[in-house]
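Two complexes come next, and they have one chain in common, subunit A, joined by subunit B in the first and subunit C in the second.
Up next is the complex of A and B:
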C-alpha cells in the first residue's frame, strides 16, 4: 500500500496535525516506506490466533469505585494556556477557555 | 576523617556510596555537590534539560538529617540520581523532550519518582530524551541531541542511544550514580549498551506507569540505568511496587532483588535463540555473544540453542502497535490545558496549528502511521493483524521458557554511531531495536550488561531475557556475566 499526498492530507486532518503543503509529498514517501516495510506481516499465518489484549497473564485487581481525589481545581488549571482568566474565580474563572465552538 | 576528592565520589557505585555514607566517610551533601560539579563540567553533553541543583542539595541535607537521627531509609538514601524527563515531577518542568509541553510544570509526582524520593534518593535534574521517547539515538529531542561521553578512535561525536539517552550519558559520564529510564521497545537497554552501563527493563507491570508521560501504554515500563548489576537491583527495589493508580500495575510483592545476586548460576539453562543471528551483523558482536556463552558455561550453566520462529516479525508488529497507541495517547495535546498553544479561528484550527508546530518530525510520522492503521478500513488489516502476531511472539517465548531459565542475545546490532547518521531513513533507525523489541512485545524482563569493546574502542552490551516477574534470576545471571566480563573501561579513557 502506497500513500499519496492526498492520503497524507486526510490522515493529518484525522490526527489534527497541520502539515505544510510542501511537506506532504516527502511525508507520503516516508510513510509509504514504513507501511511497505510493516506489510511483511502478511507472510505470517494468523488464522485462528487471538489478537493480544493484555501482555500479562494475570487478572488485574479493580479498585473501589469511589471518589479518591478532587477539590483541586486550581492545580488542575495551573497549566492552562489562557492566563487572562484567573482560575478559581467564582464568577469567571475555574474554566479552560477555547475558541468559540457553537455558532 | 578525610573527605574523598570529588572525582572519587563520582566514581563510586550506588552500593559503595551507600556504604561510605553509612560509615560516615562522607555526607549525602558532599556526594551531591560532587555530582553537581560534574554536571557543570559535562554540560556540553546536553544530558540534562533541567538541572535541579537547589532541590538536590535540599534533599541531600534532609537525607543527612535522617541519617544523623538513625532514620536512614536503606541503600538509596542520599544517592544522587538523574530522572528521565518523561517522569512528571511536582513543580519541576517536565518536557518529554517536546516543544508541545512548553512550560508544563505538573502539580503532581509520578509514582516511580515518589517511591525513589521516599527511599531517600536525591534528584539532580531531568535528563534529555528522544521526543516522547520515540527514537533510538536521542536525536529527536526538541532540546537538541545528547552526546555520548564515549568517543571512537576517529574522535567523532556519537549518539548515546535512545530514547533514555540523557540518562545513559549522565550515568556513563559519572554525573549521576544512577538514573531512571523508560523502555518501550529498547529505550533503556540499547542506550545502556551504547554507553557501557547496565540497563534493566523490568516485567511489564513491575513499576507503576502513573505519572509517566505515555507513549505506548501496553509496552511502556520504567527501569534503572546504573554502573553495576547490584546497583540496578537496589534501584529497581526502590522504584517497583503495586500502585492502585495504575490498573496494569502488578499486585505482587517486591522481593529483595539484591539478596540472591551472588548465589551463582550453576545448573541454570541458558537459551541461545538462533533467529538472533543477523546478516551483516559485525563479527565483533557475534564473537562477544559466543564469549558470553563461554563465560556462562564456565560458571556451570548449560547453553542450548532454541528457536523463536516469529522473531523477525516483532519489529514490524511493534511499528504498528506502538504508533497506534501513541496516536491515541498523544491526542491529549490539544493546546488548551497545558503546554504550547497556538491561536486558531476554530477549535480544529487551534488543534492543527498547535500540534503541527509542537510535534517534531519523528513524532509526527508515528502519530500519522498510528492514525492510519487505526482508521476505518485499515484497522483489521494492520492493527488487529499486528496484535495477532504479537500473540504468536509471546507464545514463542512461553514455549522456550518451559525449557530454559534465561535467554542470552546481543543487546544491539551495532555500537554507538555518529550523530547525524541514519537520520534520512526511519526504518534503518528502527533496526537498532531489533534485539530488544521482541521481549517488550511479550512484556518480559530484560537487561543489558556491558561486556566488551569493539575495535573502535566502543562499548558493546550483552542482553538477557527472563520469565515474567523473574527479575531475580535475570539479575543473578547478569551478575555472573558482569563478574566474568570484568568491564572496567570508561569513557574518555578507552585503551
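Up next is the complex of A and C:
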C-alpha cells in the first residue's frame, strides 16, 4: 500500500497537524516507505492464528468499584493557564477554559 | 398501529432506530478511581487518568462490566465472553484524550429483544443490535463567558452503556414506548438510574423514510442528544416530515448529524465537519480484552431481579388484573412496590390497582410529591381502602380522605373521625333524608313516576348532598326505589 499527497493531507487534517503544501509529496513518499517496511509482516502465514493482544501472558487487570482517586482539582488544573481570561487565572470557577466552541 | 406521512408523491413510512446512552450505576469511573456522584464542584471528581495526563493508564472497573452484562441479560441478549475496548478518535475540547475509549468490533453484548406493551393491549418485539461500554466525555459550558468555553471534566470517564436498537421502530409513539421500556428495565436491574433530567440517560435517533411497500432502507440522518421521551417523539415527527418534503421536492436526503431545536420545533444540520465520521477505531493498546467466564455470567444471571415483563405477567396471573392495568403499574418499579404493599394491607387487588393508578398520581401531583417521598405509606393507603370495602366510608368520602392524607398527615382513621366521614348505615337516618328530598321535589317525583327511571340518579345525588356524602349509596338507592314506586 502506498499513500499519495491527498491521503497525507487527510491524515494531517484528522490529526490536526499543519503540513505545508510543499511537504505533502515528500511525506507521502516517506510514509509509504514505512508502510511498505511494516507490510513485510504480512508475508508470515497467520491463517488460523488468534491475534496476540499482549506479549505478557496475563488477563485483564480488574479494579474494584471503590472511590480511590480524584478530589485534586488544583493538580488537575495546575497547567491550565488562559491568557484570554482577564485575571490571567484559568481556574475560573474551577473550570478549564478554551476558545469558544459552539456547534 | 400505522403511521403514514402523505406526501405529494405518495405515502411514506418512517423507519427509526435508537441509540440509548445510559450511565452505568457505579461508585467510581470506568477506568479510574474518581467518584461519579452528580452535582459535585467542577473538576473535583477528576483523576489524572480522566484528565489524560501523559503516561496515565486506564484500569477497567469490573463492576461496570458486570453492570453491562446484567443489562444485556435483562435485554435477553447474547453475552460475548470476549470483548475489546477500542479508541474512537476525534478532537473536542471536553475530550482530553483526543479519543473516546469505546467498544466497536467486539462489544460485550450482542443481539437481544425488548417487548413493547402497546396501548391497544397487544405487544411488539423490537430487536437489540448490541450493547457496548464506553467512557463519557466532559461537559462544555458555552454561556459563561463571551469568548471562552468552560470545561468540567467530572463526567469525563464515567461509564456509559450504549444500547443500539435495530431499525425496527415505525412510529414516533413506538420510539417513545421503547425508550420508556428500556428505562424501566435498567431501573429494575439497578444498572442505570434512568434520570433523563440529569443526563444519565439520553438518546440519539436514526430516522429515514421510504415509500410504503419499499423494502430497502433509504439514507438516514441521526438526531443527537435528546434528553426526554417527548423530544424523541417530536424530533422524529419533524425529521420525517422534512425528509418527505425533500424527496417530494426532488432533493436527496444527506447522511448527516442533526440537532433538535425544541424551541423552534425543528431539526437542523450540525455544521458538518469534514471527515466527521472517520473515527479511525483501533484496539486500545493500554487495555487487554475483557475475558469473562460462563460461571461469571451465570452468577450474574442468578442475581437478576424480577423484570417488568415478568412482574406484569405475575400481576395478571395472581391478581387477575387486565394487561393494561398491569402494564401501567409495572412501568415504574416504585409504583409496583407500593401497589403490592397496598394489596397486602387491603387484600383487594382490583380496588388497589384502581386507586394506585388513578387517585395516587392525582394526589401526588396535587401535593407536589413523588412516589419516592410519598407522604402516605402503602399501609395507610390500604387501610383507607379497607374502610371502603367494609362500608365504613363511601367512595366519595374516601376520595376526600385521601386528599387530606396526602397533604396533612396520613392516618385515615383519625381523618375519618375528625371530619365525621363515617358512612351513614343507620336506615332510620337515611330514610329521614330520603323522605325530605321526596317531599321537597314533587315535580321530579312526578317525572320519575311518569316513567323516567333515570331520574333516580338525581334523587340519589340530592340525598348524598344533604348527608354530606356520608349516606351509603346502595341503601339510598334501595330506599328511594321503594318509596318512589310505593
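Before moving on, here are some points about what is shown:
Just so we're on the same page, the second predicted complex is superposed on the first by the 89 of 103 C-alpha atoms of A that agree within 3 Å, B and C clash if a C-alpha of one lies under 4 Å from a C-alpha of the other, contacts with A are read in each partner's own complex, and residues count from 1 in each chain.
Here is the rule we use: contacts are C-beta pairs under 8 Å (C-beta built on N, C-alpha and C of every residue); 3 or more make two chains touch, one makes a residue touch a chain.
Just so we're clear, the structure is a prediction, and the values are computed from it rather than from any experiment.
Look at A:94: by the touch rule set out above, it reaches subunit C but stays clear of subunit B. After overlaying the two complexes on the shared chain, residue contacts for A:37 are found with subunit B alone; subunit C is out of touch. Of the two partner chains placed around the shared chain by superposition, subunit B and subunit C are both touched by A:16. Of the two partner chains placed around the shared chain by superposition, subunit C is the only one that A:102 touches, whereas subunit B remains out of contact. When the two structures are aligned on the shared chain, A:71 is found in touch with subunit C, with no touch to subunit B.
Once the two complexes are overlaid on chain A, the subunit A residues touched by subunit B in the first and by subunit C in the second are 13-14, 16, 53-54, 58, 60-63, 72, 75-76, 96-101. The residues of subunit C lying in touch with subunit A in their complex are 26-28, 32-35, 41-51, 59-64, 89, 91-93, 140-142, 144-153, 259, 270-271, 274-275, 278, 280, 283, 287-291. Residue ranges on subunit A touching subunit C, taken from their complex, read 10, 13-14, 16, 53-54, 58-73, 75-77, 82, 84-85, 92-103. Of all residues in subunit B, those touching subunit A in their complex are 103-108, 203-205, 218-219, 244, 247-248, 250-251, 310, 313, 316-317, 319-320, 327, 331, 335-339, 341, 344-353, 355-357, 359, 364-365, 367-369, 371-372, 375, 382, 384-392, 394, 426-427, 441-443, 468. Those residues of subunit A whose C-beta lies close enough to touch subunit B in the complex are 3, 8, 11-20, 27, 30-31, 33-35, 37-44, 46, 49-58, 60-63, 72, 75-76, 78-81, 96-101.
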